[in-house]
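Letters A, B and C mark the chains as written, and numbering starts fresh at 1 in each.
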Amino acid sequence: MSAVQPAMPKSWYAPSKPHKFCPGCGHGIVLKALGEAIDELNIQNQTVFGCDIGCSLLSWNFFAVDSTQTHHGRTTPVMVGMKRANPELICVGYMGDGGGYSIGSQHLVNSAIRNEKVTLILVNNTNYAMTGGQLAPTTLPGQKTETTPYGRDVEKQGYPTRGPEMIATITPDGAYVARATVSKFRQMKTFIKRALQNQMEGNGFSFVECLSTCPTNWRTNPQQTWDFLEDQMESYFAVGEIKSPFGKGEK
Amino acid sequence: MEKPITGTMKAFMTGNEIVAWAALAAQADIMFGYPITPQNEIMHYWTRLAPKYKREFLQTEDEISAGFTVCGAVQAGRKAFTATAGPGNVLMQEPFGMAEAMRLPIVAVIQQRGGPSSGTVVYSQQEVTLTTYGGNGEGHRIVYSTSTHQEIFDYVIKAFNTAWKYRFPTFVMGDGYQAKMREPLEIYDPEERGLAIEPARPLVGLPGSIGVDREPAHLCNIYSLEEELYEVVLELDRAYQEIAPQVVEYEEKMCDDAEIIVLSHGVVSRAADDAVKTLREKGINAGYFRHITLRPFPAQQLRDAIKKSGARKILVAESSYGQLMRLVRQEIYGETVEICGLLKPGVGIVDHDIFDKVKELL
Amino acid sequence: MKRIVEAYIGEYASGKSENAINRALELKQAGFEVTLVDLDTVEPFYTLRPLKAWLEDRGITVVGWGPKDSFGLGEAGGLVKPAARWVLRREGAVILDIGYGVYGAKTLNLLEGADRDPDLQVLAVINTARPMTATKEDIVEYVSNLGRVDGLVSNSHLGSETTVDFIVEGHRVIMEAAAELGIPVVCVAVEDSLRDEALQADFSGVSVRFINRYMPGAMW
């Protein structure tokens, strides 16, 4: 008797499934939204997917689209170089909060200012997960990590980075900037789809931060995981479109 | 692609300008760069010329980005390059390492300046170790070291062909003197001279429908297991050793009966050439051996020169404190010839420096 | 004595500094008080800096940094010596060596009074061995983008490989460009070692300025 295959986006790469993300991890949900968006826009053959280091790296062969690995923080310049060299490609960079807001922040900031025609998807799970749960730029005040064993002290470690707000400020018109959450799948998919469309139309820089879950490093059960995402993270990081060339933002 | 040069033209230029013209002639599509002395005029001239010939340029936020944007551009199947020096070369070792791991045909021009740290903006040959073996890999790179303006033109064109033919990151190493000196040379269209231009081939954005005509490309540089990486590195080395004999280049003069061989690379070779001629005029049997490729290293060729000459001594002359000399020691290990140095880190070497040193040694 | 103020501008490595130095030495010999001003703001290589002391020994006042003044400051291309701002108020001959760059003659805006100096002559040095000024069309386009230019210096050469034939051919192209631009060619520069042969050559009545090459000794 053959097993029933769950429905998968056409742009997913079946041989790499089941994927390797931890149970309860939000990455799979983000990547499902991205896969469905690629399918609906019918851009599988011209999309290039670039992934950062960290948990985002587990997506390197996730899609049946041409994909490339980079270095920690360097996905942005690799995709920028690719897009500049061949503007026909739809270049999608996928990274975590450490790669985007910390080690690769100069690339993110300057690419945004230059309004590079790439789409970046940044997964915010409030910690460096692959290296064992250290402080991230997005770790919430008071949140324990392996390098903030007594909780994030904002006097010592500063406040969490609010990335989309910063990027919305520094990008010119034509940029698309939003924050989504894996707790609102349909909205997240809409945001990701618009971020792709924005690149296809050549309007400008497109950026979606996705609030995501990391029960492994949060050490939370499903109830606690969802509570942390919806109660803690979503109240610190406002979800919605911050900047959009497609009319009034969706809140 | 419109040709910037037709026929052959006699020109009077600086080394940096020549790099820009040669990259155009080699059909480079795009340059990514970040300002650092002494390479700036490569960007100045590329940005003046590129729009006239429909080529592109991006000034990135730093050298890390310049290196990685080049890595992205070549994956998209476009001939891309960068240029840097000193601390910029240090920062670019990260992308150069990725290019090494993924066999990306990047081209980088290194105009060496004094080090360590910011050192001087002037001149040195202190980026030999960094350019040949920098990064957390095994040095699977191709490094040319030029000594004349004509060579800068010839070897920048060759570097693009080498990179795309063999798919190893390829470097043309000059220095602050070569960058800024001005002298006459011939610039030309390589194809008119019968030099084929190696085609660029994309690694992503490939033709055909995924799942119908082809599988998706999944390019990687990180591996889960020691054994997986081991296989990859051994395969890199096997491929590198296989192409090395076709890539290696050197220049040898008057070594047949030399009792001392003067060994040098880059701009110092000019002084070595003059010094060896003068020594011969004075009845001293000196020979000249120059590394055009520092990676792969012409080791067997040097061993042969030592053997046939019966030379008792080698004098390594370089504007660093032994970076070439260390390469020589490891590559000709076992030879009994005495290896001496004229080592002047970050300082120019002229013919009489070498002449005097040889006299002192014999 | 008539006041002489000349600014040498032009392409990178076109021979601006060489012509400026030779002109300064010539005017010194003719009895002028000479001030030579280094306004190379893009890159500090092949500027007057290494020759400063040598020129001062020959009685020329040099306004510019010496090598040690500027290298301590690292990537010191764009440093203008404050005294340079006031040089147009000096007596005698003032020779300005302007570095290359996209701003062309606009570098003169850095000098107090440059916009109303009655004696100022802005001279563009042209070498047809420079690929961006190799043809009549190239030269016209290039000079048109420099801003104010009062005359051209015909300075075609190939360094040590220069022949008089090459200079004559380059000069012919430069004369054509000058005619189209409607500005005069003030002189043709010829290295002194080619003097005898050059005296036989036809430069369409333009006076020849015999020069020595000092800059090859002026790296950095």
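We adopt the following convention: contacts are C-beta pairs under 8 Å (C-beta built on N, C-alpha and C of every residue); 3 or more make two chains touch, one makes a residue touch a chain.
Here the structure is a predicted model, which means the values were calculated and not measured.
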Study note, to complete from the structure: Min route length, chain touch network, chain A to chain C, equals 2
Exercise for review: Write out the two chains that share the greatest number of C-beta pairs in contact.
Suggested key: A-B
Review point. Taking mean CA positions as centres, which chain lies farthest from chain A?
Key: C
Check your understanding: If you average the Cα atoms of chain A and of chain C to get two centres, how far apart are those centres in Å?
Key -> 57
Revision key, fill the gap. Whole-angstrom distance, CA centroid of chain B to CA centroid of chain C, is 35
Review point. Distance from the CA centroid of chain A to that of chain B, rounded to the nearest Å?
Key: 39
Practice item. Would you pull the chain B residues touching chain C in the complex into a rising list? Key: 5, 9-14, 17, 21, 36-38, 40-41, 44, 48, 118, 120-123, 176-177, 180-184, 187
Review point. Which residues, counting only chain C, touch chain B once they are in their complex?
Key: 12-13, 42-46, 71, 74-77, 127, 129-132, 134, 157-161, 166, 219-220
Point to revise | In the complex with chain A, residue positions of chain B that touch it | key: 29-30, 32, 56, 58, 60-62, 64-65, 68-78, 80, 94-95, 98, 102, 202-206, 208-211, 216-222
**Study point:** Complex contact set, residues of chain A against chain B
**Key:** 10, 13, 44-46, 48, 50, 53, 57, 60-61, 63-71, 74, 77-86, 88-89, 106-107, 109-110
